[in-house]
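Chain IDs A, B, C and D follow the sequence of writing; residue 1 opens each chain.
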Amino acid sequence: MDVTRFRAWVAETARLVAANADRLTRLDAAIGDGDHGINLNRGFQAAAAMLEETAPATPGAVLAGVGRALISKTGGASGPLYGTGFRAAAKTLGEDPDVTGVQLGAALAAAVAGIRQLGAAGPGDKTMVDALEPAVHAYQVALDAGADLAGAARAAAEAAVRGLADTVPMQARKGRASYLGPRTVGHEDPGAASAALILQALATVSAGEAG
Amino acid sequence: MKKLINAPDEVVADALLGMAAAHPSLSVNVADRYITRAGGPTPGKVSLVSGGGSGHEPLHGGYVGYGMLDAACPGEVFTSPVPDQILAATKAVDGGAGVLHIVKNYTGDVLNFQMAAELAGDDGVRVEPVLVNDDVAVEDSTWTAGRRGTGATVLVEKIVGAAAERGIDLAGAVALGREVNDRSRSFGVALTPCTVPAAGKPGFELADDEIELGVGIHGEPGRARGRLVPAKEVAGTALAAIHADAPLSGDVLVMVNGLGGTPLIELYVVFAAVAEWLSGHNVTIARSLVGNYITSLEMAGCSVTVCRLTPQLADLWDAPVETPALRWGR
Amino acid sequence: MKKLINAPDEVVADALLGMAAAHPSLSVNVADRYITRAGGPTPGKVSLVSGGGSGHEPLHGGYVGYGMLDAACPGEVFTSPVPDQILAATKAVDGGAGVLHIVKNYTGDVLNFQMAAELAGDDGVRVEPVLVNDDVAVEDSTWTAGRRGTGATVLVEKIVGAAAERGIDLAGAVALGREVNDRSRSFGVALTPCTVPAAGKPGFELADDEIELGVGIHGEPGRARGRLVPAKEVAGTALAAIHADAPLSGDVLVMVNGLGGTPLIELYVVFAAVAEWLSGHNVTIARSLVGNYITSLEMAGCSVTVCRLTPQLADLWDAPVETPALRWGR
Amino acid sequence: MDVTRFRAWVAETARLVAANADRLTRLDAAIGDGDHGINLNRGFQAAAAMLEETAPATPGAVLAGVGRALISKTGGASGPLYGTGFRAAAKTLGEDPDVTGVQLGAALAAAVAGIRQLGAAGPGDKTMVDALEPAVHAYQVALDAGADLAGAARAAAEAAVRGLADTVPMQARKGRASYLGPRTVGHEDPGAASAALILQALATVSAGEAG
C-alpha cells in the first residue's frame, strides 16, 4: 500500500467522520459530554488539510503528520489517544515507500499498544480499545489464514464493528463515561464507534490492493 | 438553541476578545488560545497554569491575576485544551522557578497537559502537575478514570496562588495543592441540561419534576435521576454524600456554586440550608463563597464544595487576590 | 416551575438567612426585612439606603458595605418594599448627616419610599431621594410613569457611596446621584422569560427564534418582539438606542450585565461586540463590568449600561469598595 | 351602614381578592410584572386578620386600620394607593357609629381623590382610577336619583365593571404597564379589575341596607 493510498485512507476517514459526526456526538452525549464527533471532525479535517499542504512522501510520514495534527487540533481524550496511535504506527513504517500487509499489521498493533499504554485502558473498559483490539487481532488471523492486505483490512473492519456492538452491555471504567457508572450500560461507546470508522475507511481504500 | 453568540464555532474566540476588552489586567492571546497576566512572569515565582474546556467561566481565565493563576488555557467548549496552547502558555509564564499545572482529573485534560509537560521539559522548563479530583458523586477507584475535578479547583488555584506570591517552591506548591484537594469534596445537582453551541441540542432531557444528582460540569447527566425536592433536601443530599466520604468537623470553607443558569437568590436559599445542616453537625463555616465560580454553560443547578481548613489554609485564603472573578485585599 | 427553593412564600426569608450565614460583614434583619453593615452607622457620614423587589440579586443586599450602601430593603420578589421596612432601615443607619434614598423609578418603589421618607421626617431624620431612570427602551414623558431604573442603579450606589465615605453632604450626594443617573443609559434584551415563585408560571412565552427587545428587570415583556439575531446585532441595537438618546463620546464606563440565566461566556461575547461598536464610534471604554449585577431571576438575556465618565466620576468609581458583590481596593 | 357591615365589606373583599388572585396576577403578567393578585391578596388577608384581632369600634376605625394594613403589607404600587384611599375615606367618617348613604358617597369620593393625588393618574391612563372614578360618579347619580345606600353601591359596582371594560382599548400612561406602551392596548388593567372587586363586595354586603 503506497503513499497515495495512505493519503486516501486519511481522506476517506475524514469523510466518514464528518458524515457520522452527529451520530458520534449523540453517542457521547448519552454517556459523555457530547463532543466526540465535533472533536474528531475538527482533528481529521485538520489532518486532511495538512496532507494537502505538505504532501508527505512516504506512508510513515503521512501517519506521523496525521498523529501530530490530531494531537494539535482535536483536544479531549480522543485527540492524544488517536494521535499517539498514528505516531506509534508511523514509527514502525520508517521510510518505506510501499507497505506490505505484514508491515501494516505490525503498524496497527503498535498503534493499539501506544493507545493502551497512554490511556491505560484494557479490553472491557468500554473504550476505543474494545473496537481496536479485536480489529488488530482479526487482521493477524486473516493474514495468517492467507488473506491479502485488503482481505485482512476487511476482516479488521468487520471485527471493529463487532467490537463496537460488544461495548453496549459494558459498564465504562475509563474516560468521562466512567462517571456515569451503571448508566453507561446499554449504550455504544463513541470512541469505539469512531475506531470502527477508521478501520472501515482502511478497508475501503485498500480494496483491490495486491499487497 | 438560544444563545447570545455570533456563531457556534466562534464562541471561544469571541469570548476571549471580550475578556481582552474588559480586563486590561490580562494579556489575551486569542490566536494561540491562552491568557496571562498583563505584567508578564514574576521572576523567581513558581508560576501557576491551569486550563480546560471553555463553558466553565469564570474558570479559568477569570482567575488569572495577582495571588492566583499566571496563565489559563481555554479549550473548545467542554473540550480539553491541546498541548500546543498549554506549552505556549507554560513557556510564556515560566519565571525560572518552575511551572505548576493545575489539572482537573478528566482523561482529556490529563493527557493533553501531560503531553504539554513533556514538551516543556524537552525545552528545559520544570513542570509539575497537581490533579484535582474532589467530586464525591464518582466512586474513587484505581480501575477507573477516578473522580472528576470540580469546585475544589477554585480553592487550589486561590490557595496555592497565594503561597506562590509568598515564595513557595515548586515541590511545596505541589504538596500544598494536593493538601487542598485532599481536604476538599464536592457534589453537584442539575435542574436543567445545557447545550454545547456546536452540538445545538441539550445533552439530556429532564421532566419538570426531575433533577440529576451527582452531575459534573460538562452538561453530562449525573449518577442518578431524582425528584425535584426542596432546597433543604438538595443541600442535605450533597452534604451527606460529602460527609460520608470525608467526615466534616471544625472550621470549613463552603462554596455554594451556581452552574450558570441559577439565580443568586436561589444560591442563597441553598446556602441557608447548607449552614443549617452544618451547624446541626457542629461544623463551623469559617469562610464562604456564594455565586457562579465554576459553571456548566447555562445549566440550572448548583454544586456544594466543602474544604476542611487549617489555620494555614485559612490564612492563605485570606491573602490578597486580584483577578477579574475573585478579588480582595487590594 | 423548577427552582432551588423550599416554598414560594419562603424564598425571600430563606435567601436573607443565607446572606446572613454567608456574609459576616452584614447584619441581616430577617424579620423586619432589611440589611445593614455589621458595623452599624458611621457617625457624620451621609447614609445610603436602597431597596426594591427581590429577584435582582446581588442588587441591593449584595452592595451593602464600605464604599457603597449602608442598608438595603428587599421586598417580595419583583414587589417594592413596604414603608415599614424602609423606615426601620433608614432610622437604623442614620449617622446624623441624613439619609439618601436611592430609588429605581417604578411607581411602587417611588410611592413606598416616599411614604417611608415622610414618616422618617416625622421622626426627625433628614431624607432625600435620588430617582434612577436610565432605561432608554421607555420613552421619557411627564405624562407617563417615565423611565425605569435599571443598570445605572449599580453605578449610582457605587459612585455616591464612595463620595459619602469621603464626606460629601446630603445635598451633594443628591446632586452627584442625579449626575451619574443623567450620564447613564441602559437597554435590555431577553432570550427567555422568568417565573415569579409565587406565580408559578413564566411572565410571557417566547418562541425558540424570538427575543424581547427593551425589557426591564421584572420579567415583563419588552417594547417589541424580535428575531434571535447574532450577538453583534443585539449589541448594536442596544448601543444605537443609547447613542440616539444621549450621544456617546470620550471615556465611558460600560456594564454588560447578565439577567440571571445567561452564562458568563455569552456576556463576554456581547462585551466584545460592544467594544467593537464603541471603538467604531470613537468612544473609549475606560472602565468596565461584565457579569450578573442586576438580574431578573433566571431570565436569560443581558442589559448594556453606558455611563459617560468625568475624571471625578472615574476617580470615585476606582475608590475602595468592600461589599459581597463588588469589591476592590481593600 | 354600621361597623359590622364595614367589617363584612373587608372580609368579603378579602374573599373575592383571594378567589380572583390568579386572574389579577395573569392580567398583571400581560402588561405589568405579574404580581398584582399576589400583592393584593397578601394585603387584604393582613387587613382581615387585623380586624379579627383588634375589632375596631367604628366604621372609620375599620377603614383606617385597613388602610394601614394595606400600606404595611401589600407592597407594589397598589399597596400605597389603596391604603391611601382607605385612609382618606376613614378621615371623612370620623367617629360616627353608623354611616349614611350620603356619608359613604363622600368617603368614596375622598378615597378616589386621595388615590389620584398620590398616583397622579387621571381618567384614561389605564389604572384603577378608570374603574373608581366612574363608580363614585354613578354612586352619586344614583343617590341624587333617590336610591338608597345599597342601590347606590350596586350602581357603583356596575359602573366599576364598565370602567374596567373601558380600560381594554386604552394605552397605559401610568404604572409599570406604561413601559409596554402600545402593547398594553387590548388588555384589562389589573388594578381596575381589583377596584371592581372592592366595589362588588360593597354592593354585596350593603344589599338590604336601609341607609
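The rule we apply is simple: contacts are C-beta pairs under 8 Å (C-beta built on N, C-alpha and C of every residue); 3 or more make two chains touch, one makes a residue touch a chain.
For clarity, every value in this text was computed on a predicted model and none was experimentally measured.
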Query raised in the report: What chains touch subunit C and also subunit D?
Result: none
Query raised in the report: Using each chain's Cα centroid, which is most distant from the centroid of subunit A?
Result: D
Report summary line: Between the Cα centroids of subunit A and subunit C the separation in whole angstrom comes to 55
Query - Intercentroid distance (Cα basis), subunit D paired with subunit A, Å - result: 76
Requested in this report: Round to the nearest whole Å and give the separation of the Cα centres of subunit A and subunit B.
Outcome: 32
**Report entry** Geometric centre distance via CA averages, subunit C-subunit B, whole Å
**Finding:** 29
Report summary line: subunit C residues touching 2+ other chains are 77
Query raised in the report: Where in subunit A do residues touch two or more other chains at once?
Result: none
Query raised in the report: Which chains touch which?
Result: A-B, B-C, C-D
Report task. Can you check the complex and tell me which residues of subunit A touch subunit B? Result -> 25, 29, 32-35, 38-39, 42, 71-81, 118-119, 173-176, 178-181, 183
Query raised in the report: How about subunit B: which of its residues touch subunit A in the complex?
Result: 53, 75-84, 106-108, 111-112, 114-115, 135, 137-139, 143-145, 148, 196, 198-199, 201, 203-204, 216, 218-221, 223-224
Query raised in the report: Mind pulling up the subunit C residues that touch subunit B in the complex?
Result: 2-7, 11, 14-19, 21-23, 54-55, 57-58, 62, 77, 191-192, 208, 211, 228, 230-232, 234, 256, 260-275, 285, 288, 290, 292, 295, 297-298, 300-302, 322, 324, 327-330
